[in-house]
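Below: one structure in structure tokens.
Chain nomenclature is as follows: A, B, C, D, E and F, assigned in order of appearance, with residue numbering initiated at 1 for each chain independently.
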Amino acid sequence: MRILLINPNTSQSVSDLIAAEARRAASASTHIDVVTAPLGVAYIETRFEALIGAYAAANLAAEKASKYDALVIAAFGDPGLWGIREAVDIPVIGLTEAALMSACMLGNRFSIIAISHRITAWYRECVQANGLAGRLASIRCLQQPLQDIGTVQTDHESRLRELCMQAIDADGADVLILAGAPLAGLARTIRNDIPVPLVEGVSSAVRHAETLIALAPGTAERGSFSPPPPKPNQGLSAAMQALLKRERPPI
Amino acid sequence: MRILLINPNTSQSVSDLIAAEARRAASASTHIDVVTAPLGVAYIETRFEALIGAYAAANLAAEKASKYDALVIAAFGDPGLWGIREAVDIPVIGLTEAALMSACMLGNRFSIIAISHRITAWYRECVQANGLAGRLASIRCLQQPLQDIGTVQTDHESRLRELCMQAIDADGADVLILAGAPLAGLARTIRNDIPVPLVEGVSSAVRHAETLIALAPGTAERGSFSPPPPKPNQGLSAAMQALLKRERPPI
Amino acid sequence: MRILLINPNTSQSVSDLIAAEARRAASASTHIDVVTAPLGVAYIETRFEALIGAYAAANLAAEKASKYDALVIAAFGDPGLWGIREAVDIPVIGLTEAALMSACMLGNRFSIIAISHRITAWYRECVQANGLAGRLASIRCLQQPLQDIGTVQTDHESRLRELCMQAIDADGADVLILAGAPLAGLARTIRNDIPVPLVEGVSSAVRHAETLIALAPGTAERGSFSPPPPKPNQGLSAAMQALLKRERPPI
Amino acid sequence: MRILLINPNTSQSVSDLIAAEARRAASASTHIDVVTAPLGVAYIETRFEALIGAYAAANLAAEKASKYDALVIAAFGDPGLWGIREAVDIPVIGLTEAALMSACMLGNRFSIIAISHRITAWYRECVQANGLAGRLASIRCLQQPLQDIGTVQTDHESRLRELCMQAIDADGADVLILAGAPLAGLARTIRNDIPVPLVEGVSSAVRHAETLIALAPGTAERGSFSPPPPKPNQGLSAAMQALLKRERPPI
Amino acid sequence: MRILLINPNTSQSVSDLIAAEARRAASASTHIDVVTAPLGVAYIETRFEALIGAYAAANLAAEKASKYDALVIAAFGDPGLWGIREAVDIPVIGLTEAALMSACMLGNRFSIIAISHRITAWYRECVQANGLAGRLASIRCLQQPLQDIGTVQTDHESRLRELCMQAIDADGADVLILAGAPLAGLARTIRNDIPVPLVEGVSSAVRHAETLIALAPGTAERGSFSPPPPKPNQGLSAAMQALLKRERPPI
Amino acid sequence: MRILLINPNTSQSVSDLIAAEARRAASASTHIDVVTAPLGVAYIETRFEALIGAYAAANLAAEKASKYDALVIAAFGDPGLWGIREAVDIPVIGLTEAALMSACMLGNRFSIIAISHRITAWYRECVQANGLAGRLASIRCLQQPLQDIGTVQTDHESRLRELCMQAIDADGADVLILAGAPLAGLARTIRNDIPVPLVEGVSSAVRHAETLIALAPGTAERGSFSPPPPKPNQGLSAAMQALLKRERPPI
């Protein structure tokens, strides 16, 4: 199996974290690639930045999807996820979605641990769009400014551990989600000290992508996730144009 | 007052409909401009197309906002609306949002009349993101292929009237929303024959934009609609870069 | 345009606040009148008082509606709003509804700042009846007894400012609503010191009323907001009897 | 035990139906009185009529409550229920509420069978205000004009039976609620032919009132159902003024 | 009337509390029996223990139902309630359900006071399954280990009183529910000191059972609460087999 | 990896279907066992039967869990799932839950195709307990009596295909779930003819179980999925007693 993780952030350091965690999580026979957005911001925290990241991810998906068995949109918040799922004919999974699915199989109510206050509104809306707001116990977050997005998890490890314990004891979380690509890998580091199951997006997404490839559930030829109907377009990259032209045969 | 309507579709014919309806709806002293997306598809029906439209609209907003008192994202479905609202410091309103607000002040439950079956999932998710799914009586839509997006409202007028009556009599709608910029102006044409209040997005958005300008409620310096925190970015237009650099003074 | 604001409270001092704010908010050509309930309590805080206020407002609406282009039920909590909307054939708007609509176009989640603890349950139920409980971040309120309902906003200004800041920082409000006719005008006073958009009901209602008049969406001849079916009645005022007899022609 | 049923409709014929069913349902030692609104409409179908009925019921409650152990607001839709519950210090129950509670103890999802199309919006909103919209399978209703509100149940019995069967077979109702005081007694007549439990409001309310009297749960001295705080009032009946003056001793 | 209360806990001391409170609450002519689960745990706090309790209660119901007019599943959390309701042809009521119904007729939002932290998740899920999560103000609980389940209410009375006051003042509860069979009777003890209505499950269930017997709403011959369709089974008690064989005559 | 699927139905023919599909779906190195409930009914359709199945599954889990890396509760409706998850220290997954998670990663709204009308209420409540009712487009089901639970999928294949197409075209499903262990394997047979992704529970559960084993998220030592607190019990099997005694070391 070949899985491409698309980092909608422009930070190579975050892509490196993603790649390391993805390869650790993947089955032995799975090939993992990671590509970094050439356009956008260092790390997405807001709806506006997510809108840019969605466009960057869509362009990368258009360019690369044909060489892979599944795509992962590798930013928590899942910029562009459902749109890209319409356009390509392979499974596409987002980090938030993947972590939510893992969490739902381990308990009832989950909390999200996030790297900044500003990012929490975007995460909350993403959980709502997934229809799972009723199971969200809380979102807890770092309040400090981040020095280096590539080393957040080591710079703030002790505070992140505290947030985990507060979510369990004060908010009643059954399961915790460490949110955001910059925290990829932290779950393994601290898991043994946290008294509830702990999941994160990259490893969840890679494993769930393998599952969807293996299940081979078929593609959407009808319904709201079938490919966009062909129509005039302009100003788009060659890859995007090609993607929009490709209409799967009707049943 | 100066209001810019941004058409995230690339169709000039739709922009013409928008401009005509916007000018009819605006107060005498309001100046209306309409700009058409240089990049994207002829008319947005899917999440993927909306993602492109959001990026196009964001770029136009970055370029033009400083010369206006309010922006309108002039496609039903509101591509990029909440993101753009973060980034600029003037009111930004979407057609769906505007029509929903009008409808909510005229009744309890509303139905949406749409131009294609494919477009309905995107609309439904937009209503949900606005938190108003509980008041949505139904979405009814044309099933025929559209010949010309600029003449949908005349080509299919009689069917659109039928859909209106079905929404009232079978679905219990108190108010109807004619959805989509291509139907701009139709409400005035058929209003006298429809036995419940009938609203649409362009006129609602222009009037609500005037209201927000007049109310002068202040801008978001904190909270999730304050400007994105400054951080490294790459690959963006000069206007977008300038917008992301502009940080409003903290309180 | 001629707009009548009906104060369902019996306090003339509150009517004066309402009138001043309404005239400031209205367009130059709009004529504003305010009428005070001859029957009821000084200021409504409870469901029981609201029930009385609804009846008083309905009687005033029956008496006066024919001379106006729109009515505003000028108490937060909107006593009798949806009922009166059925009975008259002009737009009728409530303060809560109007403020909610303004808030929804400025952010996602809003908080309400209220003048007493007792009033909050009634407000919460009003937000729920509007279907917007999912966007309510919090209701924060004064806890002190009120000396004079006409001077609440000056007597308690500093505490009201504190409540605003708590709603932003602790509850995550994107927008604030200053609730209740007795606070009419306060938003303008403190707006520059509050780092998120701030709206209130009177100015919102006047502007939205102008919008509905301008949009001319048509009246409800069918559905749940059409006039009550004629039937025997007794014990009602002459104006109320006349209103209940008036049946608009069927389509 | 002494229970007063307040009919917010002005129809004596409906009061007679209510009285008969209430006496049949009550325990042997319970004394039942029924009083008819002196002010309002023959039978409430709309929000506007309910607003009038609420005021009429409140006045009757103010006048009579001191002589009873519990009150029943005897119109489906429960006009004024929660308001009146604040003001008096005995249990107050509504027909909708009472039927909903019975239904919830007999199954999961319930349907409501109603006497007119127009009445359904008001009922739906009443179920929502009770927080039970998630268990509402459907509302089905007569579509014919009603000749005589006092004989609806016999004039339309066969159609009402059909509606019951449709709610079971097409809508998946586990339990049926025959709604509206004019149908009081019909449940007993047709129960043996309906293959799911069948409840109605009058008998449910009388029995639940007896239960609340027997449980003696205490009154609300705090919280949102404690008596309205004393304050100036005007234009109210002597009974209403007395009620508003009566403040229970604080704890 | 003959009502059997089935205690799904194995504690005889709790059954004694249940029996005492049930007899105090019942009408004079009602005969009350209590039976204790022969299989299970001393007191149910978790979903796993509830699953065992449900099976034990189902077996007791199968064995005993034919001699009674109604059953009460006498553990808060209602283990097995809806399943048992399908299988027997008399009313079956649970303590949570019964207390919720009482609470809903006394106010809008209620809080639950519970005997252990661990038990709260199970209670919350039970409220959600009843569709009433929107009216749940809070669940507050003892945090101390319980020495003796039969004397919790006296051992911890002062803390339980504190929890009541916190639920009123901090959480906005209109009504309180003392949860769990081990607290049966406490409501009567402390009621006069608590400034909002206070209910509990045993007395509510007994009274509501009497009501359902009196209303005689008919049994479910169709729909999801009709008896399970006959089919092969194995490994079950003779009583359970007999119950599963008994099919009520189709209509 | 060693995964045990527990069939809470007593039908060996269904266990055979489960085993075949589980082995087809599993990774090459995964060992699959299936065990059939010794106690219960041939196939669970109702809450009462599910209550029995939950107890049977719990006993099997207690007996066998220590020899496996994960358990699957192999009946759609997930009898006992969350309870068993508390008690054992390995991942436990249910068929409904597993299929829901797969469906959520392939689209937004899903429909469930079921083998009998009676079974649908139980399924609906299971989706609600998972917090995903908002994404449920519909449940469609066979109406015919089932001759042989082991051959439902071949006996009724053409009707099941029709139900699939109706869910897509009339209900707007993006993804379909073939529900119930008796349909295990059918998804592979008909997938190519169905124009949206099609998933079922057995293959989803096996793959998700592998994922949870690989992610090694840690066990619940706190919160509502930690093991039930030790306390007196009686009447339970030796395996159940041992399980209840085993308390994991506190952190």
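Here, a residue touches a chain if its C-beta (ideal position, glycine included) is under 8 Å from a C-beta of that chain, and two chains touch if they have at least 3 such contacts.
Computed from a predicted model, the values in this text were never measured in an experiment.
Novice: Which chains are in contact with both chain B and chain E?
Specialist: Expected: A, C, D, F.
Novice: Of the pairs given as A-F, A-E or B-D, which one copies B-C, with over half of its contacts the same by residue number?
Specialist: Copy of the B-C interface among the listed pairs: A-F.
Novice: Same or different interface residues for chain E and chain F, judged by whether over half of the residue numbers are used by both?
Specialist: Both copies, chain E as well as chain F, present the same residues to each other, with over half of the numbers appearing on both sides.
Novice: Per the centroid of Cα atoms for each chain, what is the distance between chain C and chain D, given in Å?
Specialist: 28
Novice: Roughly how far is chain C from chain E, going centre to centre by Cα mean, in whole Å?
Specialist: The mean C-alpha positions of chain C and chain E differ by 43 Å.
Novice: Would you mind listing the residues of chain A that make contact with two or more other chains?
Specialist: 82, 85, 108-109, 120-121, 125, 134, 172, 174, 223-224
Novice: Work through the pairs of chains, note which ones touch, and then classify the graph as line, ring, star, complete or other.
Specialist: It is other, because the touches fit no line, ring, star or complete pattern.
Novice: Between which chains does touch occur?
Specialist: A-B, A-C, A-E, A-F, B-C, B-D, B-F, C-D, C-E, D-E, D-F, E-F
Novice: Report the residues of chain F in contact with chain E in the complex, numbered from low to high.
Specialist: Answer in residue numbers: 10, 37-43, 45-52, 54-56, 58, 80, 82-87, 118, 120-122, 125, 128-129, 223-224, 228-229, 231-236, 240, 244.
Novice: So in the complex, which bits of chain F are touching chain D?
Specialist: Where chain F meets chain D, its residues are 120-121, 125, 133.
Novice: Where on chain E does chain C make contact in their complex?
Specialist: Contact set of chain E toward chain C: 108-109, 134, 172, 174.
Novice: Report the residues of chain D in contact with chain E in the complex, numbered from low to high.
Specialist: For this pair, the touching residues of chain D are 25, 27, 82, 85, 91, 93, 97-98, 101-102, 104-109, 130-132, 134-135, 168-169, 172-175, 187, 191-199, 203-204, 207-208, 210-212, 214-226, 251.
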